[in-house]
């Protein structure tokens, strides 16, 4: 929704995250346990952001972390959980049930149609589905109409323009061109619909090298780029690393044990105390852990082993 | 709009083209002088197709040829011409001015929104532009409404479902997976919105080789695949060949000289008399011509030389 | 211990078989994330009676993948291995919305007699008693997909902390996350203008159900040998 | 003989310069196919006063290309050479529709005093006297783009076969292909709900024009040294 033409978009993690202000609507890239911009989100928490409205499709630890840190007031996503892995998202569940966070649950195609409306510069897009479900009750901003072409009922969903899209990409250059590898989830929709885009990348490349990779996000949509290797940890970022199941299990146990334990055992240890991303990585297991998460490349057995539950880790 | 799951979609040019029937709405891939499915279109003409309704964005010799052969009754495109190269499209102009063909001129974003409506399974999409222009007069099927969100006027353009998309891709496999190289123009929109997709490809590859190229069209949208090297001639199909400017000049002169000359000097010679695509290529210059059109790879001077007007070729 | 293997061993193979049976050859079929039963049923169907089924893998949207194992999270590259290509999230939902998705699988924490499902919240939606993870794409897909198989491994009602038995099949559904045959207001899916045919089969750990073609109400079709109607 | 060079040599450099001057630094700028004057003006502007302009090349949609020459057809790979990437046709039009395209260039065979342009048909649209090639994306873009430069190399009226002088600036326009400031029915673009600001500059082979801010009518701003008002 804007054009950013500076030649050098490189920023510190702190400066990039500071583009997000209290009360803004944010769209978080990736999904479930894949390519979520965790380093940027941890920085948002460190900076004490409040009252964020988060929108998207199916997410996990990213949104649950923001819920557990008290950074969010509205969740408008299609799913927040840990799938068959650990099940429900403890912090998300707790803040919804206490009423501290408004659950504006949505559905994947609905939110894509809303982002597309923003992308196409029109006030709404029509949707045939959703009718007959209680999502209409939850979203008084949707309208219904009788289609002038078919005479059948339709739902009109309004354009959704996030203030900031927060993206983690595999590759980028200083100017802000990005190469995001699939599953892209909703990242390209977020990027095209949002007013600001901040991106962390695993690897910053010279533009000529990035060109060979056929980037899929042009620089003029991106406002800041931060190189943060392992910036999606504990979610996965192939072809670099698989997700850190042991870390997620530790996260889940802390969150499950209630807000105080979560604050002490997770937020303090992994978000507030580490002064730098390097310090975070070192607390999260250091080079040995990083090496282990890269071992998915060593063959199916090594890869499979990364999904093994650590002894006693799952409640 | 359909799912085609046969394991082997390879067909003869004649069988593939026969999927198009008189009166159908067709979407022709490529654009201007680039990657147009010319071999398939010549076959349509040979089979005597009539009353086709052709839809798309900015095209050239493809639609002009169909106009000159009497195959079309409605043209719903955004532009038919030869740009600064040769200017207006003689056959298109003639059949519009005589009233034999209805000019349903459209505009690029409008037609994309109509194809998107088909793709998203909704009866229409809204458009903010078009208002104040005479395209509304030309298209009574468009509707206008007051937007229930903004109170401002909007145009609603109906879903457009072509019967057949006719595509020329660089690469494909027997199952119908395709790799189309950019500019993609509207090809992916046509493929997703149409009931049938027939494709010619420069090169048929084993599936494992195609996978390495990261195909962008899944097999289940494609009903037939025909391998036709130089199947886009006289338009370009990089990285294989540049367009054949001398041939287009010959085409233009014949078309400009009136329907009788065009029938005799172009249609007979290049469409009706050649029994096979190989025979067509041989009449169009044979191996020497093919080699010349591939010479764009030899450096800027060689490439530039391909755009030189042949002596006296332009009227 | 491998999660894929745990999954495989602890889920009743008979359920996977029953879910696989609902798939027709030649149709495009999708399962969502967190759905090991449909995932395995689709792999089975494609190897057995539906070789021309188009398998779209949940979350990676890989086409006809040959995953080396089933990881417990769904946006994982292992799940698109062997695919010639993957489509995007929008392609997947658009395919359904234009009527080209043959079958999909949905589950629910509450299931009512018309096949409406709740995976959003128990209690009041403003401050729910239990906030469930959410419907993912289920809300849209329930309206759009040609045929839907409902599956659940939790039909047998457990007792909660207060000793009350919690039934998965409920008379009153707290939140309709995905639409079955009749809405809360008694409107049929046809009158709502929905494209898909709605759920036709319900496979649980106890038996197989379908819907009466006239009343659209769930009815028992078959019990597995080791279960009773009392369950 | 190279077409790109022919083009370059035969078009008045002063026109290219005047068109380039209408471009601001930092804005996203697009030219359509068959538009050598804007194409050269954009290359010039980016090298001169607008280094942060985003150049989107007509038809290939290459970003900031460094073409080795200008071919006479626009979907040509030579026109995206040097781009880090290209966007798609839909991206281009969507960018304009959401208000992010700063400037675009349009031409017309008929131009009326409000900047409405005709590139569709002379005469009646049902059976036109002259069928013109069509507007490409001009119709949509004329409504959406922030600022539009109108350019024409054919303002000086030639005489036709019957000796009648054919003016490019016309009182009555046969077909409005792209909207200027006021519609055929006298409705302003604001009242039409259009997003863009409409044409602000008109550059011809004779001089430079703009639009009166109150009446929205075309007015002469500068003549080139070798032309007269009579022309």
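Every chain is named by a letter (A, B, C and D) in the order it is written, and numbering of its residues begins at 1.
In this section, contacts are C-beta pairs under 8 Å (C-beta built on N, C-alpha and C of every residue); 3 or more make two chains touch, one makes a residue touch a chain.
Fair warning: this is a prediction, and the values are worked out from it, not measured in the lab.
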item	value
Selected interface, B-C versus A-C, where C-beta contact pairs are more numerous	A-C
Chain C and chain D: spacing of chain centres that average the CA atoms, whole Å	54
Centroid distance [mean C-alpha coordinates] between chain C and chain A, Å	26
Between chain A and chain D, centroid-to-centroid distance (C-alpha), Å	42
Sequence positions of chain C contacting 2 or more other chains	94, 96-97, 144, 195
Shared interface positions of chain A, touching two or more other chains	120-122, 127-128, 147, 150, 152, 154
Pairs of chains, among all present, that meet the touch criterion	A-B, A-C, A-D, B-C, B-D
Contact set on chain D toward chain B in their complex	1-4, 7, 33-34, 36, 59-61, 68-69, 71-78, 80, 86, 88-90, 93-94, 96-97, 120-121, 125-144, 175-179, 183-184, 187, 189, 192-195
Chain D contact footprint on chain B (complex, rising order)	30-35, 57-58, 77-85, 88-89, 92-93, 96-99, 103, 105, 107-110, 112, 116, 127-135, 137-138, 147, 150, 152-154, 182-186, 189, 236, 238-239, 242-243, 296, 300, 303-305, 307-309
Chain A contact footprint on chain B (complex, rising order)	113, 120-128, 143, 145, 147-150, 152, 154, 156, 158
Contact set on chain D toward chain A in their complex	26-28, 52-54, 63, 84-85, 87, 91, 94, 96-100, 102, 144, 195
In the complex, chain B residues that touch chain C	1-3, 5-7, 118-122, 173, 175, 177, 192, 207, 210-211, 214-216, 218-220
